[in-house]
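Shared between the two complexes below is chain A, which has chain B as its partner in the first and chain C in the second.
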Partner chain A sequence: MATAQELYDALRDFAERYAAEPRLKVMNRDWNRVIHVAPTDLEDADFTLTLKDGVLTLQRGAPQAAQLVVRADSETLTDLFYGDISPTEPYMDGRLRVEASEEDTMRLDVITLMIWGE
Partner chain B sequence: MKRVVSVSLGSSKRDHAARVTLLDEPLELRRVGADGSMERALELLREFDGRVDAIGLGGLDVYLNIDGERFVIQDGLRLMQAVRVTPVVDGSRVKDTMERRAVRWLAEHGPVPLRGARVLMVSSLDRWGMAETLAEVGADVVYGDLMFAAGVPYPIRTLEELKELGRKMAREICKLPIHMIYPVGEKQEREPEEKFPEYYREAQVVAGDFHLIRRYMPRDMAGKMVLTQTTTAADREFMRERGVRWVVTTTPVLDGRSFGTNLIEAALVALLGRRPEELTPEDFHRVLDRMDYRPTVIDLQS
Partner chain C sequence: MDLKRALTLRTVVSTSAGLTFATSTFIAAAQMAQSVAGDSAWLAVLLAGLLALTAAASFAEMNGMYPSAAAIRVYLHRGFGERLSLIVSFLYIGVIVAVLGAEAFILSQAIEFLVPAVPSIVWNVALLLIVTLVNLRGVETAGRFQDVVTYGVVASLLVLSVAALTRPGVELVRPFSPGSFTGLLNAAALGVFLFIGFEWVTPLSEEVTQARLVPVGMAIAIGLLCLVYALVTVAMTTTVGKGALAGSPVPQMLFGQRLLGVGGAAWMLAVSLGASATTFNAGFTAGSRFLYAAAREAVLPKWFARVNPRFLTPQNAVLALSLVTLASTVAVYFTRKYVLLVDLGAAMESIVYVLVALAVIRLRRLEPDAPRPVRAPFVPWLPAFTAAAFAVLALGALADDPWAPVVLAAGAAGIAAYVARVVPKLRAQAQAERAARVGRRRRPASGRGEGAGPQEDG
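Showing the complex of A and B:
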């Protein structure tokens, strides 16, 4: 199990890597979304990733409304946002749940692959 | 007579059987669709395994080749592994050889000069041979994989970037269920929904998998050329109504019928009596030479 601070650090690292890849800003310029990162095993450790005009920001706390909810145990989420694991396997075996449309799920997948793909 | 079957994830509405002559030998070719159901496809494969001379897998690729590096689509592999006795192929190798030849032929003899032509490839990671050869002959290509497969408004404009992004994505994309990355079953029959129509509009040539081209095709396609694998009479009527001028199909025509690359590759395996992995691009070239292979160009507006 990861701590809330570890998960926050992983998300901050993810947001920094996102900002360092200028193509992501272009790719997501039309994709304004609120993403709720919801660990299933931690109390009061939800986070919000907001994509607006291609820029990704991170805030502590759950959003009032989100188009995507990413739910998993804190360890899986931390590993995922640090790029230690890819989203596909936990998604396929049910450890990771993405509550979103298929197209939004695919677009989130593309972001992680742009950052972490080999 | 040797018997070859293509089990396709596509619609059963396209099922057909035919007796043809290939390399001077008679062959029975049959295509059976599983209507997008993996389970039905598995059933069909088990049913034909050991009872025909070769099997082709249609409606999905098993292997993606990106500049010589091979990636395996897991759902495709699952289907392939269900076949224990009969040689089974997905057509990707013959597709690569044939589409390179088709583009070179078109560059010399086609109705649209490809050098400098604006080409939209709706999907290119599933046909690296075509993508690479279009660039080689000097076409100005937009590779639309991110746009049409993932909805990302990012046209890829160079082969180098396609290779870089393809490698970043392919390993993971290949693990997703096939329905997330390719229209299968009834999705192939749905009314088209325009997607990135401005890229269709700008293009003189729209190339790639026909189901994808069709799925996002705008109403006005006046004067354009479509370069794709195989089409039915209904597909051609659909394009004619939208103003498409020429359709070029890369799959060879045998006795007046066009067959999917998986069926052609399976037929070659059956006729040559060799394991699929023993066949080389040179074997495919030799056979295509003997067939006097060239793509089929149809003027839809004449």
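Showing the complex of A and C:
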């Protein structure tokens, strides 16, 4: 199990890598979404990733409303946002749940693909 | 937190039923009628539909536990482990793609029926080209479009069937006497083909206004399909005759023409186009995303994971799928073995239903405390019955054509060998590449685990 701070650091790292990839800003300029990152084994350790005009920001706490909810245990989420594991593996074995439309789920995966190039 | 959800029961039903409607289902319906006596094929439709309802209960429980677009890949992984899950998923997608090839062939035959000046192979290639471009472009099927198409197809088939059955002088022959039990069983086995795809609605579970709408919608869709197919099957046999239907790749066109002349044939062509449109789109979308995801988890070469930078669609997976579908449709064009693909589709779908039902039983034991928003009733008895019934139907479908078991067994053996020999190498290669990049990963291994302290950005 990861700690809330570890997960926060992983998300911040993810946001920094996103910002360092200019193609992502162009790609997502019209894709305004609120993403709720919800660890299943930590209390009060929810986070919100907000994509607006291609810019990704990170906030502590759960959003009022979200288009995507990324749900898994804290260890999986931390590994995932650090890029230590591909999101597909935990998604396929049921550890990772993405509550969103198929198109949004695909877009999120493509973002990780462009950040880590796998 | 509240996830924004938009889809209603109307769209869940239209999606579940709409993905099931296909032009090739008219061939399955015509074949079913051959296996039973008189005008009793509706009994086989009803039997297949009731059994599909029991399978829907298993899908509802699994989807509640693991609401994922990957669906059976996840269910079977949880129930039986990765290897079986991979083999069955690859085989299932392979059969679906082959059936899409048959669907393209049958639809092009229907167009040629009305426009004989242009050979069907031209329509065939043109259809595949359109589907490929649409999927490369990544056009979403909007809920309202799905509603209009599905309810348009349902209304058309109901009106035409009732018109056919209420003509003066029409009298049903032995509507309650299907003849031999084996015949009824064979017909019901083919009847499974009529319901292929009702469960493809499960990925919508994250977009519906209430979680229970998906299982309820699946049940309503199966009921609607039972009604429509029961009526249209009997209407076709009373209007055209079993002999003429059996040898034709376009039984629905014969039905429309016999009933209302050229206008009736044109109406049935419109129905066919509507039925095929969503099937093609769903089949290609599901197939290409499966290949993309398989490449992302290193069970297929990375080439399949290449994404179109403009439309964010898995372009190489779509192109690969198009080529395989084209090969399938050309093979069907020259061999006319489209009924073989109907048999294979029915058998493969039955096998998937067997395994999902068994996964329900197994996971009740392995994961007794896992949250189950929807619970299948009468576990283990109902899923055990579902598994046994569909195992028999799978055998029935495979017995319909001597090539069917050979093709399926060869496909399964090839995929099993691929999973055993190639996948470990691909995985090892992916791990090595990941390890080579570990230097730019910031999470130290020692920082993992409970109690690890806060970490500074490095």
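By our rule, the second predicted complex is superposed on the first by the 117 of 118 C-alpha atoms of A that agree within 3 Å, B and C clash if a C-alpha of one lies under 4 Å from a C-alpha of the other, contacts with A are read in each partner's own complex, and residues count from 1 in each chain.
As a convention for this text, a residue touches a chain if its C-beta (ideal position, glycine included) is under 8 Å from a C-beta of that chain, and two chains touch if they have at least 3 such contacts.
Since we're looking at a predicted model, the values are computed, not measured.
*Asks:* Give one word, clash or fit, describing how chain B and chain C relate on chain A after superposing.
*Replies:* Pair status: clash.
*Asks:* Could you figure out whether chain B or chain C reaches more residues of chain A?
*Replies:* The partner making contact with more of chain A's residues is C.
*Asks:* For A:Asp30 in the superposed arrangement: first (chain B), second (chain C), both or neither?
*Replies:* It touches chain B, and chain C stays clear.
*Asks:* Is A:Asp9 touching the first partner chain B, the second partner chain C, both, or neither of them?
*Replies:* After superposing on A, A:Asp9 lies in contact with chain C but is clear of chain B.
*Asks:* In the overlay, answer first, second, both or neither for which of chain B and chain C A:Arg107 touches.
*Replies:* It touches chain B and chain C both.
*Asks:* With both complexes overlaid on chain A, does A:Thr88 touch chain B (first), chain C (second), both or neither?
*Replies:* Once the two structures are laid over each other on A, A:Thr88 reaches both partners.
*Asks:* Name the contact category of A:Ala20: first (chain B only), second (chain C only), both, or neither.
*Replies:* A:Ala20 sits against neither chain B nor chain C.
*Asks:* What is the contact status of A:Glu99 with respect to chain B (first) and chain C (second): first, second, both, or neither?
*Replies:* A:Glu99 sits against chain C, while chain B stays out of touch.
*Asks:* Answer with first, second, both or neither: which of chain B and chain C does A:Glu75 touch in the superposed model?
*Replies:* In the superposition, A:Glu75 touches chain C alone.
*Asks:* Both chain B and chain C touch chain A; at which residues?
*Replies:* 23, 27, 86-89, 92, 102-103, 106-107, 109-110, 113, 118
*Asks:* Give the list of chain B residues in touch with chain A in this complex.
*Replies:* Within the complex, chain B contacts chain A at residues 146, 149-154, 165, 167-169, 171-173, 175-176, 180.
*Asks:* Would you pull the chain A residues touching chain C in the complex into a rising list?
*Replies:* Checking each residue of chain A against chain C gives 1-3, 5-6, 9-10, 12-13, 23, 27, 36, 38, 46, 62-67, 69, 75, 78-79, 82-84, 86-89, 91-94, 97-103, 105-107, 109-110, 113, 116, 118.
*Asks:* Can you check the complex and tell me which residues of chain A touch chain B?
*Replies:* The contact residues of chain A facing chain B are 23, 26-30, 86-89, 92, 102-103, 106-107, 109-110, 113-114, 117-118.
*Asks:* Which residues, counting only chain C, touch chain A once they are in their complex?
*Replies:* 1-4, 65-70, 73-74, 77-78, 82, 138, 140, 203, 206-207, 285, 289, 293, 296-298, 302, 305, 307, 309, 312, 430, 433-434, 437, 441-443, 447-455, 457
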